[in-house]
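After this come two complexes, each holding subunit A, first together with subunit B and then together with subunit C.
Right after this comes the complex of A and B.
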């Protein structure tokens, strides 16, 4: 028992130290730098300013945030619409088919998402697989211009993030007891009513978790819009990278990072509160 | 006890070895030095090369700056970063007496404004950013950047994803220097580029040849090395030097201020400047060597290919990128406006 608690202490302190050095300290540095001024030759000068934050509230950067938000939201919505029926079927399946489908969701995680992005570009390009197939079957007569469009960006995002939606949805649908659905049927609810009034509220924690897991990364994934959308729009990820590297404006880049972290923190808080709320209403039976 | 003695003895034996083993910390662009060259160097001189790579001048600069040039013995900054780092006292002077092969270099590519007497930099490879097009799709004569603004090519244009290059392309058309620091001129270039934005299919600095080969774009900016490589896969690929002047860049060896192995760095530069070694580099990397003697060893086909080796007149008319100091913020501001559609 004693040895065990010693082991526990060591493990916990190693992890805490790791967090302190690689997560906490860098974040504090970023936060501190965001209040300093840019210096041409030394990155920063030690004079306090709030200007970096004021600058974020100009229309150019508002557009950057709004555009990133819009893209993340649309990706999230499509992931939900595609992922829900899939997760639902998956949870109801038994045996080998289920294992195979599960493998198909997990396998992409073994490859870098950058490589997968290049792979889907090969499918979508003008003389790529999709266009060649459509042309050969006579469905279209001119190749579709897919790559470097907004549609391509959405396809890439959904493709990369779909597993993050399916897995939490699956977990909560799996837990769903069939008894509730039968009870709803016995009480005269049709299928749509059952779905809206029983199934959705009961799987709400999964829906929220999936949405958060898709929304947060897609907010800062910038290489997919860069590669598949042709880098024609500026998103938050690019903005931060440009400020640090090409403009060498570390304070402003830091300020944008801090604002981004705050937005994420708020979203996580919303997630936390809403799951609590869902749980509570579940306990009270007030579905 | 015997065991510890043996270990101590072994350690004692290792010490002087470790101290005398010569090393060279080389920090270079990714895929920019053939493995063969490094191995030959190591074999011949006994100097061990520790090789690290970066993918942008900016990333290299930030790292070297933060450690004030300690830890790396040789870096390969491009033109405008040579001038910037030189001004910031981050580079140490190169002793040309230790580099007898310096004489092999092309005179017309030395003493450029970014380092007037090549005291801090030795040219390694050079190239240009010019106009590329697919000759199967573009039938008219292409000799000016202004062709990109023609409605016929709407949605078929590629620009590099590089704020300085894109603005340089617009600035030279307006008759200004591509290295201007005047906001009024940069703004004018922005107005011009804004009209081009709806026609742009993609910005690409990853590998600009790919969208041409894939058929996504038919005309736009390109690097000559990329165009040269693309020609092997796609014979209709063309590369021209616009009459307004081409964007030139040169990657140079430089020694950081606090480098530890300065002698080894000089030995390496001298080694690379050997004609037969620069021939290997040119053949494998695809860009042009600034080495007059090395160029003589290349196949005639390569040597006379204007894509890799433009005429002296074109080089004289072209413009090397220079550091613009704080004006980079003005460029960045208009770049952001361009990309957010303001």
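Right after this comes the complex of A and C.
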């Protein structure tokens, strides 16, 4: 065996082992536990049941799923509406301003998102920075109740996930050749028509990627609803966390995890298919 | 008369990008139905003129008039001018049909009307069979045709073509040159064609405008530009040319006498620059006559002679580089003819050079 293939084998083995131990085995365990029954002292008893899955589809938990979807969707939409213009400007900028703006997106990644969540809580608090500023400038007469509301959770989600929307959008807008915009104008399209008919379709891969990257994690960031929503709203992430840590119902928590994983898998599949489709129509031959 | 009314006028146009002045006080007027070519090396401002007319750039100074009305401040989507882009810029997410229909959709035309016009346009460029394809499924030449159809279907006053043939291979380029010319004649639309290929410019246009560094050097028919270049830049840029610098010695009955590379010559020319003025004698390679001299033969007094340094077979012609005793090199290009099929010069062969009187161009150097 020569050096190169030995190196290859070792590297691949390490990665494979890592995946086996930390991804595959835990997931199999979760999957297995989801079919077992709960036990007061030993967490689980080894008897097969589908009851955990039946419970998910009762109305209480269905509401949790629906609510989580709603929040994820709204967060995604706000991220897209805020992120697109920003990414568009960023892609068209040159030189120093661009670098500075880029740094502003990247820097938050250097801090734990939990700490950042506490940071934005300080801003939104009843006697926090935002309320103090608004009161001082006379825009409002009494402090806004922002923290521990659904709005706060949405703000927290958007705040944490916005960079995941901007970066893929930036990448696809950057690639967009300016000549298509000129061609659209040349053929009589005004700015809005050009945006809808040409710019959006041609940056669709970035839009889809950004949406997926915001939509999926927003299910799992359980500490944001916990901290900012005051644990008033129950979302999938919190539900799972509670089953494991508070209710000590591992089988049910596992069942919810499995369902969530399945939903994500379906969404990823949709994403994969749609980018394939966009790429196929986006390929340029000839020159 | 239709020919005389200008469809587009650029008056005193100045355009800079940062520190770089691309166009300086440029005036240009183009008649309705003309096929005009802007010819020049890259960076001479020819594409900038096109982009100003299309509305992609705004001039710093000056006005642009389209059929008499000022369009300087109009955005590109309001101008009755369409562009065929160098990269074609076909929308990759639309089919050929949708691409051609795009402009008509923007005009809020009825669906049936759009269908009819798009099909007409596609038939005109022989692309009807490809209406449902995506641009990525077409060859370069086919994309080119779609790009032309997409632009002409809007029935513009002017069609702007920005080096549209540069991405095509030689044979296809030749074919498209002919087709574009026929299309222009059929449609009667004014074509403004930008190229750096002088042969393309000469073979296609009614009028060639030669540019250098944002200034129009000459504007004339292809024949005028080739045979009577206005200055050394035009002469050198349009085709190959031999430039012989000399000084007018004295006027004669038919022209003037001068010394060319040490040989005394009489130039028969209507132009009679003042005695003592510096002039350039310009000779196209195909206008030179080359005659072989026998070994010991003394060349006639008054003729120019030199030695063959290099010959290049070009298919239809033979090109030879001839070195004069002064060291000056001349390029001669001769056609093969039937009687003399095997003709070729030996390297080192002594030759005499002459040309038909009056075929040379005399430029007075300032």
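Here is the rule we go by: the second predicted complex is superposed on the first by the 280 of 287 C-alpha atoms of A that agree within 3 Å, B and C clash if a C-alpha of one lies under 4 Å from a C-alpha of the other, contacts with A are read in each partner's own complex, and residues count from 1 in each chain.
Simple rule for what comes next: a contact is a pair of C-beta atoms (placed from the backbone, for glycine too) under 8 Å apart; a residue touches a chain by one contact, two chains touch by 3 or more.
Owing to the predicted nature of the structure, the values given are computational and were not obtained by experimental measurement.
Once the two complexes are overlaid through subunit A, subunit B and subunit C fit side by side, free of any clash as defined at the top of the document. Legend: residue contacts after superposition of the two complexes on their common chain; A:179 is shown touching subunit C, with no touch to subunit B.
Applying the stated contact rule after C-alpha superposition, one finds that A:187 touches subunit C and leaves subunit B untouched. By the touch criterion stated above, A:40 is placed in contact with subunit B alone, subunit C being left untouched.
Looking at the shared chain after the overlay, A:197 reaches subunit C, while subunit B stays out of its contact range.
Contacts of A:141 after superposition: neither subunit B nor subunit C is touched. Of the two partner chains, neither subunit B nor subunit C is touched by A:5. Between subunit B and subunit C, B touches the greater number of residues of subunit A. By the document's definition of touching, of the two partners only subunit B reaches A:242; subunit C does not. For the pair subunit B and subunit C, the minimum alpha-carbon spacing after aligning on chain A is 45 Å.
Taken in their complex, subunit B has these residues touching subunit A: 56, 58-59, 62, 65, 88, 155, 161, 163, 197, 200-204, 206, 211, 214-216, 325-326, 328-329, 332, 335-337, 339-342. Listed in rising order, the residues of subunit A touching subunit B in the complex are 40-41, 43, 59-60, 63-64, 67, 125-128, 143, 145, 147-148, 226-227, 230-234, 239, 242-249. Within the complex, the subunit C residues that touch subunit A are 54-56, 75-78, 81-83, 85, 87-89, 91-93, 102-103, 106-107, 134-140, 142-143, 150-151, 154, 167. Interface residues of subunit A facing subunit C in the complex, by the touch rule stated above, are 177, 179-180, 182-190, 193, 197-198, 201-202, 278, 281-287.
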